[in-house]
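Read through the structure below, which is laid out as C-alpha cells, and then see the notes.
So that you can tell them apart, the chains are marked A, B, C, D, E and F in the order they are listed, and the count of residues begins at 1 in each.
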Amino acid sequence: MQSQTFVAAAIQASPVVLDLDRSVEKAVGLIHEAGRNGAKLAVFGETWLPGYPAWIFGASGWDDPASKRAFARLQENSVEVPGPATARLCDAAREAGVHVVMGINERDKSFSRGTIYNSLLFISDEGQILGVHRKLVPTHAERIVWGPGDGSGLHVFDTPIGRLGGLICWEHWMPLARFAMHAKGEQIHVAVWPEVPDIHHLASRHYAFEGRCYVICVGTYTTSADLPEGFELAEAVGAAGDFGLDAGEILPGGSGIIGPDSQWVAGPVANQEVIVYGEIDLARIAEEQQALDSAGHYNRPDVFSLTVDERPRSQVSWIRAPQAVDSEPL
Amino acid sequence: MQSQTFVAAAIQASPVVLDLDRSVEKAVGLIHEAGRNGAKLAVFGETWLPGYPAWIFGASGWDDPASKRAFARLQENSVEVPGPATARLCDAAREAGVHVVMGINERDKSFSRGTIYNSLLFISDEGQILGVHRKLVPTHAERIVWGPGDGSGLHVFDTPIGRLGGLICWEHWMPLARFAMHAKGEQIHVAVWPEVPDIHHLASRHYAFEGRCYVICVGTYTTSADLPEGFELAEAVGAAGDFGLDAGEILPGGSGIIGPDSQWVAGPVANQEVIVYGEIDLARIAEEQQALDSAGHYNRPDVFSLTVDERPRSQVSWIRAPQAVDSEPL
Amino acid sequence: MQSQTFVAAAIQASPVVLDLDRSVEKAVGLIHEAGRNGAKLAVFGETWLPGYPAWIFGASGWDDPASKRAFARLQENSVEVPGPATARLCDAAREAGVHVVMGINERDKSFSRGTIYNSLLFISDEGQILGVHRKLVPTHAERIVWGPGDGSGLHVFDTPIGRLGGLICWEHWMPLARFAMHAKGEQIHVAVWPEVPDIHHLASRHYAFEGRCYVICVGTYTTSADLPEGFELAEAVGAAGDFGLDAGEILPGGSGIIGPDSQWVAGPVANQEVIVYGEIDLARIAEEQQALDSAGHYNRPDVFSLTVDERPRSQVSWIRAPQAVDSEPL
Amino acid sequence: MQSQTFVAAAIQASPVVLDLDRSVEKAVGLIHEAGRNGAKLAVFGETWLPGYPAWIFGASGWDDPASKRAFARLQENSVEVPGPATARLCDAAREAGVHVVMGINERDKSFSRGTIYNSLLFISDEGQILGVHRKLVPTHAERIVWGPGDGSGLHVFDTPIGRLGGLICWEHWMPLARFAMHAKGEQIHVAVWPEVPDIHHLASRHYAFEGRCYVICVGTYTTSADLPEGFELAEAVGAAGDFGLDAGEILPGGSGIIGPDSQWVAGPVANQEVIVYGEIDLARIAEEQQALDSAGHYNRPDVFSLTVDERPRSQVSWIRAPQAVDSEPL
Amino acid sequence: MQSQTFVAAAIQASPVVLDLDRSVEKAVGLIHEAGRNGAKLAVFGETWLPGYPAWIFGASGWDDPASKRAFARLQENSVEVPGPATARLCDAAREAGVHVVMGINERDKSFSRGTIYNSLLFISDEGQILGVHRKLVPTHAERIVWGPGDGSGLHVFDTPIGRLGGLICWEHWMPLARFAMHAKGEQIHVAVWPEVPDIHHLASRHYAFEGRCYVICVGTYTTSADLPEGFELAEAVGAAGDFGLDAGEILPGGSGIIGPDSQWVAGPVANQEVIVYGEIDLARIAEEQQALDSAGHYNRPDVFSLTVDERPRSQVSWIRAPQAVDSEPL
Amino acid sequence: MQSQTFVAAAIQASPVVLDLDRSVEKAVGLIHEAGRNGAKLAVFGETWLPGYPAWIFGASGWDDPASKRAFARLQENSVEVPGPATARLCDAAREAGVHVVMGINERDKSFSRGTIYNSLLFISDEGQILGVHRKLVPTHAERIVWGPGDGSGLHVFDTPIGRLGGLICWEHWMPLARFAMHAKGEQIHVAVWPEVPDIHHLASRHYAFEGRCYVICVGTYTTSADLPEGFELAEAVGAAGDFGLDAGEILPGGSGIIGPDSQWVAGPVANQEVIVYGEIDLARIAEEQQALDSAGHYNRPDVFSLTVDERPRSQVSWIRAPQAVDSEPL
C-alpha cells in the first residue's frame, strides 16, 4: 500500500532565463536540496526551463526581428523529451529519491521541430519519465509562442506517493479539463503558474476543494537580474501587464500547498526565492469525499455525458514496413 | 438593445421559518423596498421560502416522529409552481418593476406530491414566471429532505436586463453544470447559499472569473428568533456543523456582488439583515472575454465533447386523447 | 384547503346475489347508515352489485347450459353507467353526504352490450359520478365472465376529502398499475376484494407503505343464504378454492383500514356483516414521504421510463357527419 | 438441466465492523460452514463488508470531524471489485462449492475513487464474479454515505441452481425495479436488509408472491461488541431510529426464506447469530404462475410501456487509441 | 448550364473601423456600385466588418484596460450570422444581383457569445446566406482576439457563376486546407488578406496554379483617418510590424484577380481605394487541368490518405424533447 | 551540435546528353570545383544524368521508331543504384567533402529492368548513398518515359549540415507531398527542375515560406551543342513548349537559393553555365517558425488527418526459403 504521508516541495526559484544548460544545473541542485530536506516530490513553476517568455505580452508584429530572435533562442533552449536535459533531471530525481514535476518549454521531436509547447514533465523518484502534459490552450499572447496540446496529456499517474497529476495556469479555468482530472482519481495536483497572485490562489484553492485533493501551487521567482545580459526584449517584459521591472521583480512567486478542504497547508510565500515544504496526508482526502465527490456521487451522469478524446493528434501518420524500422530521426 | 447598466439587490434577510404565508408577505415588502431603491433585480437566498431546513444535519432515524413532523410542516409550507405564493410574488415583481430570483422549497405538483425540491424560481419584472431550476444534487444530509432535479432546469433567460441564470450552493462545484451555464452565455449569475462563508465566496468568485459574468451571491440571515416558537428541532439546528445557535445566529449571511474579473462590486456583508446593492455593467463582460472564454475560444471541443440532457425526467408519461383534455389535477 | 381528518367506512355486507334492484336498495340503506355514523366515505366490496360470481371457479365447459344461464342472469342484473341503478346510488350519496365507492358488474353501453366488466364506481358526496375503473386483468377463471378494462380508468380524483383512487383485487400485484396510482398523488386508496385473507392483507399493507397512503381494504361478507333460492350453481360456488359453503360462509370478509406506515388504523374484521369505521388523517402522509416517495425522490426516472396509455380503447370509432351528432352510441 | 431442489443459507451474523480483513476472514469461515451443511447458496446481509454504517442516522454537519473520519475509515475498508477481498471470497465460494451473494460497501475503481456504493456482489460456485448491483436509491441519511447506482446492475443470472437476482432493502418499494426483475424471469431472489423487522417481512413476502419466486431474506445480527473498540460514533449508532444500543443489539436479524406463494419456508429468526437453511424447489414456481405472472399474462403491455435503461453511466468516456493500451489505472 | 464568363470585383476600400452600422452602410453602397458596373461577384477584405484589429500586434498584458476596451468594442460591432447586419447585406446582394463575399468579425450566437471568429460570409445574388467559413488558425497575435474555426466551414458552393470558395490570409500556407478546397472542385477562389504585399501575391498566385482556379485576391485600404476619433490604441496599430501610420496608410491594399495559370487578370493595385474588376472565364480552367490537377490525376491517393473532419465542433450538445421546442435563445 | 552556417552550391550546367560516362566525368569535376570553393552541398538539376529528355514533348506515336530508339538509348545511359556511376559520384563526394544531390534517370534493378524513374540521388560527404527519391507523378508527356515512384522516397535526412530533403519539379504543386516533407522537419530543401522560369520561382519561394526552410532551387543549362551529334529528335526538342532551339538554349537555367522567409539568398541566375553559391544559416529557421509552422502549431490535426504510406511498392513479393537468402532480386 502506498505511503499516506510525505513532504512535498514547491520550488520557487528563478531559472537562468533562456540558458537551458545552466538552468538544468540549477534545477539539479534544487532537487538535491529538496531531497536532503526530506521531500519526496519537488515541483517547479510553469515553463521553468528555460523560463517563462513574459516578453510576448509586449509583442510587436509577426515579422519583428527582435521578437523572432527571442523565439529562436527560446526554441534552441527548449527541452526535447527525452533528451539530454531530461536525462540530467532523471538522474537527479533518482539520486535524490524525489519525484519531480518540471515546467518546460518543450520542443516537438516528432514533427517539424518548429513548434514549442508549454509542458509539464513528470519524473518518478526512480528517474523514469512518467509522461508529459502539453497545455491545451495557451492564454492571450502566449498563443504567439506555444502550440496547443492534445488530450493525450491529461495524465494522473499512480505513483508510490499517490495519484499525481497536473495542469498549467489558466487550464484551471477549463471546467471540462478539471472534471477529467477529478475523474481519474487525482490525489496530488500540481498547479503551475508563472506567478501566483490572488486570482491564481483562488483557482488553486477552488481546485483543491472541487477535486478533493492536495494542490502544490507553484510560481516562479524571477528578477531582472535573471534575464540574459543585454536581453533586447527586457523592456517588453516590463511593459507587459502583470510583469513589472520596477521593483526588479518580474515574477514574484506566491507558492504554497493547499489541502483537500481548500485551506493552506504551507505558504503561500511571495517575493523571495524559497522552497516551500508542506506535509501531504492522503488519508485526509477520504474524509472530504463524503460531502463532495465531483466525479462521483456529486455528479449527474444521467444529465451530463462527457467524452474525452485522449488520442494523440499526430500531424501525420506514417505507414512503414514493420520489419524495416525507419531510422530517420523524424 | 438591452440596457447595459442596472442595480442588483442581494436580499439578506430571514424568512419567517416554516410559515409560507408570512414569509411571502415579508418577501413582497422586500421586493418593493428594493424596487424603490432602484434595483431591477432582487435575489433571495437558498430555499428562502419558507426557510433552509438546517435541522436535517442533526438528523436522527428515518422513522423519528419529530423529524417526520418537521418534514410534513415543511412540505405544507412549500411552494407550488404556479400557485398562490408565486402569484403574490409575481404581482410584487410586476408592481415593483423588479426581476425576482427566489430560493424555494418546491413541492412537486405533477407527480405524487410527496417530494420537495430545492429550487430557484425566476420571475420577470412583468410578473411572469420565467422558469424553475431544481438543485441537481443536494448535499450531505440535505438528501434526506430534497429530491434531485433534472437537466431541464439549467436555464439562462434572455431578459431585458441581460442573460440571467443561477445555481444553488454546491452546484458551484459541479464543473459540468458550470460549463453548461457558461455555454448558454450567462451574463448575470445568481449563486444562492444558506450562508456565505469564505469557502462559498471562493466558489462564487471563481465562477465569476471562469464564466466572465456578474455573480449575485446571496445567503440568508437567520437568528434563533426566526424559528417557530417552540420548534422541537431547534436543538438539532444548533448541533449541525455550520449552523450555531450560540450567538443566536443560525445563518449569518455574507452576501455580495462580484464582477466578471472576480473582484467584489459590493459587499460581502455578514451578521446583519441588509439589502446589498451593486451596479451591474454588462459592457465589462466583453472586456474580460478577450483573455478567457471558457465555453468559447478557451475550450477544446476537439478534446472534450459534452452532451447535456435537458429533457424533463417525468415519473410517468401519460398518453391521453388530445381532444379529451384530462382535467384531473395530476 | 381540504379537510385533513375524516371518517371512512368499509362496508362489509352481502348483496342480494344476482338481484340488482334489491341489492341497490340494501346499498342505499347502508350508505345512509354510514352517513349517520359520521362517515364521509363508504366503500363496498368487489362487484358488490349484484354479487361476486364465485361459481365460475367451478366452471364446466363453454357450452354448459347452466353456466350460460347464470351468465345471462348476471348480465341482466349488471349496472349500466349511467343508468337507473347509478341514479339511485347517486341520490343516496348526496342525501347522506357520503362519497361512495362501489364494486359493480358493469355492462358495456357503448359497444355490443354483450360484455360485463369488473368495475369500481366512484360517486361524489354531491351525487355526481366521478368515474369508473374497469379491472385491467381478471384473475384465473374470472376471465370467463369479465372482459379486460383499459388504461382510461386509472383514476385518482381530487375530492374535498382528499385524492381518491382504487384498484381491484390482484391488480395490487401489478407493479406498473401501482406505480401509476402513486404517481397521481393518491392519498386514499380503495382496495376491494371478494374476501380479504392474510395474503390480501399483505398486499394492502404493502400498498399503503409503498404509496404513502391510506388503504380502505374491503371484502364482502356473503353466506349461502344470500344466494338466489334454488340457484343451480350453488354447488359450484362450494367447489371453488377459497369459497366454502361448509360453514355457510361463502365470502368471510376481513375488511379494515390501513395507515400510510402500513399499520392498521381499524380492523381487520372477518366473519360478520359489519361496517368498519376508521379515522383518516391526511397530515400523516407527508410525515411518511420524507423517507420514501416511490414516484418521487425514491424513483429513478433516468433508469425507468414508464408510459401509461390512458386513452379509452373503443371497439370501433365511428366517423359521422358532424350535423348528425349521435348522442347515444347504441 | 439444472437441479430443481437445493438448500439455501441465509447467513445472519455480524461482520467485524469497519475491519475489512477480519470481516472477510469471518465470511470465508461462514461460507465453508454453509457448504459443509449442504448449502449451494449463501447470502449475507446488506453492506455486510465491512458493516452497515448505522451511525449516519445520527449525522451531524457535513464538516464534522468525527463523521469525516468514520467515512474515511469506511472507504478504506470498502471492497474494490475485483480486488483482494473479492479474490478471497471467490476462493471460498469455489472451495465450498457454494454460490455467494454478499452485501458490500463498494469503492468505485473506475472514476475518482471517492464514492462508495451500497452493492450486492454475486459469486458463482466456481469462484467467478457474476456481477454487482449498486443500490439505486439509498434511503434517508444513507444518501450521505453512498452514491446512487445505475441501471446496469439489475441482474438476473442464469446459474446452475436457477435464475438468481437480488435487490437491496427499500428497493423493494420501487415498483419499477421489481417489475424489471420479474420480467427477467428471476427464480431465486435475494432480499438484503440491515435488519428484518415486520415491515421488511411484509415487503419480502409481497415480493415473493408478486414475482412468483423464492426470496432469501437476510439481515445482519450485530451487537455493540462488534463495533470497533472506542468507536467515536457509537453514540450516534444508538441515537438512530431503529438501531438501539440499549439491549446491546444494534441489528437484531430476522432472516428467513419465503416460497413463491409468500409463505415462509424457513424462519424468520431474530436475536441471534445463526445460519437459516431452507430448501428451494424451483418446480413450485410454475405452479404459482398459472394464477399470476406479473410480467406475463397478468401485465397489460398495451397500457403500460416500461423502458429500462441498463447502460452504465460513466462519469467520463475516454477515447483512446486501440493499439496504445493505456496502463494508467483509471 | 452556368455562364462561363462574368465580371468579378475586388473591393479595396476601408470600413468605418469599429463602427458596424456605418461600415455596413458603406458596404451596401459599394455592392450597388459593383452591380451597376456589371460585376456578378463582389469580394471584401479580411474582417472588413468592422475592420481588421491591427492593434493586437502591439499587445500588452492580458489585463490591460485599453486592450480590453478595444476588444469589447470589437465584439459589440461584430456580426451575428444571421442578424441585422447580414440582412442588410443580403438585401443589397439581391437588389444588385451580385454574389457577395465579406470578411467579418463574427460573434458566436450559439455558445457563450464571448468569442469572435475571423470569418468569411458568402451571400448569393438572390440574397441568401450560403455559409460561413471561420479561419482555422489565426496568425501570431491574432490568436489573442479570435477563436479557431472548425472543419465545417471548408465550403465550395455551386453557384450560377461557378463553384465558389475561399480561405483567409495565412490559411493559404496550410497545405491540407488547400488540398481540401482543390478536391471540392473550386473554380473561383476568394483569398482575403488585411493587406496584400508581395508575399501574399506569391501565395495567391501559387494557389491559382495549384488549384487551377481563378483567385480574387483582396486586401483592405485603410488610413489613419478611418480609425475612430481618439482611438486609444492608434499607437499600437502604428507599432505593429506591417502596419504603419507614418504615411497615414495602415493597410495599403494590393488587390487583384489571378487566372488559373497564375498570371494576373487584373491588378494588383495598391495605395488607393478602388474596385478592381476582372473577367472570369471558367472555360480556361479545363485547359489548365490537362497538365496539373492536384486533387486528381496529379495526386497519389495510394501514398497520401487525407481525412477531413467537417463536423461542427459544438461546445455542448443539448438533448431536448423534440415537441418542446426550447425558446431559450441559446 | 550540427553546424549552423555553411555554403551551398546550385550547379547550373549541362550534362553530356545521353552519354552517362562523360556526364559523370563532368559531374565529378563540378563536385570538386564546388568543394574547392567551400561548398558543403552541391545540387544538380532534374535528371541531370544523362539529361532531361525534352524531346518527349514533341512526341509522336507509340510505335514511332525514332522515339523508341531514343528511349532505348536513355535506358542504356540511365543510372543503377548502386552501380558504377554512383560509385564514381560517391568517391567524388567523399574526396571533395561535399554532400551531393543529383537528378538521375534511374533504371530499376529490382524488377523487370524495363522502367526508368525520374529520381533524386542523395550522397553524403562521406560518400555514402543516403537514399533515392523517385518522382511521384511525372508531368504531361513525361509519363511517356518515366514510371511513377512510391512513398518510400519522401526522405528527409539528418545530416551534419542539417535536415536535407528534396522534391522534383511539379511535385511542388502536390500539397500532400509538401506537407509530408514539412512534417519531417526539413531544413534544407532541394527543388530540382529542368529549367526555372518565373512560375517555378513562385513555387520554390512559396515552398520556402510554407516549409520554413532553405530551398536550393536548381535547373539545368543546356544548349543544342550539348545534344548528341546528329540526334534524330533534336527537332522534337525544339518543338516542345518551353524548350526552344532558336537561341541555342534548350534549358536556360534560372537557379538560386531562397531563405525561409521566401527571399532570395543567391540568384536567381539564368542563361549561363554557372555555380550559384549561397550561405545557409539554419538559425534563421527558428526565427520564422514563431509565426508559421505548417506541420506544427499552424496545422489543425483535429480537422485534417493525413496518413502517408511509406512502404515500398514492390512489383512482386517473393516468398523464398529463409536459408536461401537471395541477396540480389533479379
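Keep this in mind: contacts are C-beta pairs under 8 Å (C-beta built on N, C-alpha and C of every residue); 3 or more make two chains touch, one makes a residue touch a chain.
Because the structure is a prediction, the values reported are computed rather than measured.
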Chain hops separating chain E from chain D, counting only touching neighbours
2
Out of curiosity, which chains are bumping into both chain B and chain F?
A, E
Farthest chain from chain D, comparing Cα centres?
F
Farthest chain (mean CA position) relative to chain A:
C
Between chain C and chain D, what is the gap in Å from one C-alpha centre to the other?
38
Suppose each chain is reduced to the average of its Cα coordinates; what separation in Å results between chain D and chain F?
76
Counting only residues that touch at least two other chains, what does the list for chain F look like?
151, 179-180, 182, 290-291, 294, 297, 299, 302, 305-309
Which bits of chain E are touching chain F when the two form their complex?
136-137, 139-140, 148, 150-151, 170, 173-180, 182, 199, 202-203, 205-206, 209-210, 262, 290-292, 294, 297-300, 302-309, 313
Interface with chain D, chain A side, in the complex: residues 151, 155-158, 163, 179-180, 182-185, 212, 261, 283-291, 293-297, 299, 301-302, 305-312
In the complex of these two chains, what residues of chain B are touching chain D?
57-64, 138-141, 143-144, 239-243
Going by the contact rule at the top, pick out the chain E residues touching chain B in the complex.
62-63, 65, 67-69, 71-72, 75-76, 108, 111-115, 144-148, 150, 313-321, 326, 328-330
